[in-house]
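Each of the next two complexes has subunit A plus one other chain: subunit B in the first, subunit C in the second.
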Partner chain A sequence: MSDFLSAYSIQNWLESCPQGYLDGTEFGHLPGEGEPELLLENDILREDAIATTVQMVVGERCALAASSGLINAAPDEGSRRYLATQTLDEARHVEIFTHRLYDLGVRKDQLEDVIRRYANPNLVRFAEVLLEKVDRKDFVSGVVGQNVVLEGMAFSVFEMMHALSSELNPKFGRTLAGTIADERRHVGFGENRIGSLLKQYPEKKPEIERMQKEMSYWMLATFADSFRHNQTQAEMERLGQERPHSDYQGVDLGVLSPEQMEDVLADTVLKEFKTRLGRIGVEYQTPARP
Partner chain B sequence: MAVTSAGVATPVDVHDLDYDRFLEEVHSFEFWFEAVSGYLSGLAWGHRPDLVEPARTAEERDRLVTVLCNYCVGETAALEGASGLVAIAPNRLAKVFLATQVVDEGRHLEVFHHRLRDLGVEDPESEVERRASRSLVLFRRRLLELVAGKDWEAAIFAQNVILESLEFAVFHSHAAGADPITADVLQGVIRDERRHIGFGENELGRRLATAPHIRARLGQTKKELDHLVLDSLEETSRLIGLPRDEQDRLGRLYLGSVERLGFA
Partner chain C sequence: MNDPLQLEDAPVAGSETPRLRFLLDDSGFDEVPKKYRRFYRKWRGAGDVLAPNEVICPVCKVVIRSTRELRVGDRVYCMPCMSRLVVMRAEDGTLEARVAY
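Take a look at the complex of A and B:
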């Protein structure tokens, strides 16, 4: 275990993250990069971008609360130190997505009201399920909820958003790329550390399986709301803007309807859950479809 | 940096900013990132990689191991305290600042563990447990009780004023006479501590100005923790071989930092 944890040391984190892929960036993007004019000048596109970014802030605030809360429940020093790096990664994500809201025209004194107004209640329920485990200092369930379910979801969502936006919005694309690199590390820790702990505490499995099923349901409900109420695609068509033909999981996102995109994303995330949970010896539970 | 209307970035003294913008600046990941990039670049495990371990007697090594083990106890308390404080922080900026502090404390724990391994300690975790000073262990327990009780002001006072001031004073004094590797490690830690103390003083200073009734509660916390702090200060000073007058100076330095907040 100590060999595996040495790959997650703060020294490694400093070299690969702040002194590596974040070097030369400012709030996650290159200095001077801004949101595209089209997005800032069109009320529909801007509001959709704000609503999407609010979900990212909500998710990252949950991740910040969970990773910091799990430090005091961790059974060993190496895990604590790793979680210290994850805590700062999540705080950075909260900061860069909050800054995106400012870049999209949200005033600082409006921030909390805007978050309250747009936060998807299903995503809030998703977060509550996880934070309940963290509050009870249940390290094993907390890490599965945080580093496998939440991070696994964020990883796939951010990859899809990256594919959708990097051509039209390089600033946001770069912000997402740095975040994806962080999430990859977080998911890796969850799988590696929890596998051995579950061998020690096999009685935890049924509770973890219930949590995964419940979190997956709230996640799917969030996806359903987000895709079905999103007006960006219709507005882009109205403006005669061609959609980028970017590839995600082998499909061309430029030709899919919002409902088809929702299906691709949901299937991708659930397939990932199944694979990752299988690796740590937890049986994937199929959630109800909202 | 600030961006002018022409879109040009210009360096800004943070003290020239209005208060809200000052907080937005100094409690950010970006500020932390800029700060640590300056003094951690090129270091491995907190020190320049080309430094050579000096010769020392078995007794000197043993004393240094005990001191480093107790630094680990303090840093573990700080890591647990700071991570618990993220959850009860009253706003986003305080949460982000504390997240930077969490990784700083995690780094300190890591570099001290690494230093113990350099000195031939095979299992630093059990060695730390074996050599931990009783006063520091009690301090840690009390700090975590304040955090668990969600007492924001008292917990920040115990963590970012009392504990950080104690560490700052001891590390500063130790670095002056330490071997080059330990001195390098301590210098990096001291620079982080300065930021943490600044946050604590700023946060509490503002609260005390608007809610003076908090003062009595913090005075009680200080009274409770003072003897633990001064005991561990004396113990560590003895182990690092400080003369008596330097020990007294450290005690005064610690008391001075809490006096700045109006606690004599």
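Take a look at the complex of A and C:
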């Protein structure tokens, strides 16, 4: 155990992250990179980008509250130090996605109103389920909720967004790539730490399974709202802009409808949940489809 | 440890024949400290193929590369997500990595 946790040291984090893939970046992208003109000049595209980015800020604020809240619930020094690095990662994510809202034209004095207006209520419920475990200092459930469910979802969502945006919007693509790199550590800690802890506390499994089912339901409801209300694809077609033919999970995103994209993402995330939970000995619970 | 492949254990099945050796180039993977970067690469999606010295980390989906051919029973380390893995034979006959908690 000591060997495993020693890998999650502050030194390793410094060498990999700030001195590694974030070296030379500014708010997650290269200095001088901006949002594409097309996005800034078209009200429909800009509003969709703001709505999407607000969900990212909401999700990352939840992750920041969860990772910082779990520090004092952790049973060992190594986990506390690791969670300190994750707390800084999550705070950075909140900052870079908030900064993207400013780049998209949101004024600082409008920020909280914009977040309230666009925050998906289903995503807020998703966050509340997790933060209730954190508030009760339930480390095992909290880490499964945060590092397996929330981070597992974010990992797949960001990968899809990266595939969709990196060609048309290199600035956002680079921001997402750095975030995905952070998520690798987060899901790694979740699986590795909980995989061993659940052997010590098998009585926690039923509660964790209920939490996963509930969080998964709110996640699917968020996906449904996001894809069904998104007007970007229709607007791009109206403008005669060709969609990038990028690969995600073996499918060409350039030919899928929003509903088909929702299905691909939901299936990918749920399959990943099932696989990840199975590896740590938790039985995946199929959520209702909203 | 310089190579994700950890060879200090007893010989594993099939180890009687010499392992193939591989020269690793930098694939541009920048999520680990510089001296370890050549040991990892990103999975390129549909159409990508694993070489005999490569295996995918099931936790973070990065491709782990060794300077030597990988075989069943080998223990490898995924630095991007810090998972310890064991190389196994998958149902389809290919090599896959499983997490060792």
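Just so it is clear, the second predicted complex is superposed on the first by the 290 of 290 C-alpha atoms of A that agree within 3 Å, B and C clash if a C-alpha of one lies under 4 Å from a C-alpha of the other, contacts with A are read in each partner's own complex, and residues count from 1 in each chain.
Going forward, contacts are C-beta pairs under 8 Å (C-beta built on N, C-alpha and C of every residue); 3 or more make two chains touch, one makes a residue touch a chain.
Bear in mind the structure is a predicted one, so any value in this text is a computation, not a measurement.
Once chain A of both complexes is superposed, is A:188 in touch with subunit B (first), subunit C (second), both, or neither?
second
Would you sort A:250 into first (subunit B), second (subunit C), both or neither based on which partner it touches?
Touch partner of A:250: subunit C, not subunit B.
Who does A:95 touch here: subunit B (first), subunit C (second), both, or neither?
The first partner, subunit B, only.
Thinking of the overlay built on chain A, is A:108 touched by subunit B (first), by subunit C (second), by both, or by neither?
first
With both structures superposed, pick whichever of subunit B and subunit C touches the larger number of subunit A residues.
Answer, by number of touched residues of subunit A: B.
Have a look at where A:202 lands relative to subunit B and subunit C in the superposition and call it first, second, both or neither.
Touch status of A:202: no partner.
For A:7, is the partner it touches subunit B (first), subunit C (second), both, or none of the two (neither)?
Touch partner of A:7: subunit C, not subunit B.
For A:20, decide between first (touching subunit B), second (touching subunit C), both and neither.
Second partner only, subunit C.
For A:280, using the defined touch cut-off, is the partner it touches subunit B, subunit C, both, or neither? Pick first, second, both or neither.
second
Taking the stated contact definition, name every residue in subunit A that is touched by subunit B in one complex and by subunit C in the other, in rising order.
Comparing the two interfaces on subunit A, one with subunit B and one with subunit C, the shared residues are 19.
Which of the residues in subunit A come into contact with subunit C in the complex?
4, 7-8, 12, 15-16, 19-21, 181, 183-185, 187-189, 191-192, 195-196, 199, 247-248, 250, 275-276, 279-280
Across the complex, what residues on subunit C touch subunit A?
Interface residues on the subunit C side: 30-34, 45-46, 58-60, 62, 78-84, 98-99, 101.
Which residues, counting only subunit B, touch subunit A once they are in their complex?
Residues 1, 7, 9, 20, 24, 28-30, 32-33, 36-37, 40-41, 44-45, 76, 79-80, 83-84, 86-87, 92, 95-96, 98-100, 102-103, 105-107, 109-110, 113, 125, 144 of subunit B touch subunit A in their complex.
Could you pull out which subunit A residues touch subunit B in their complex?
9-11, 13-14, 18-19, 22, 26-27, 31-32, 64-65, 68-69, 71-72, 76-77, 80-81, 83-85, 87-88, 90-92, 94-96, 98, 108
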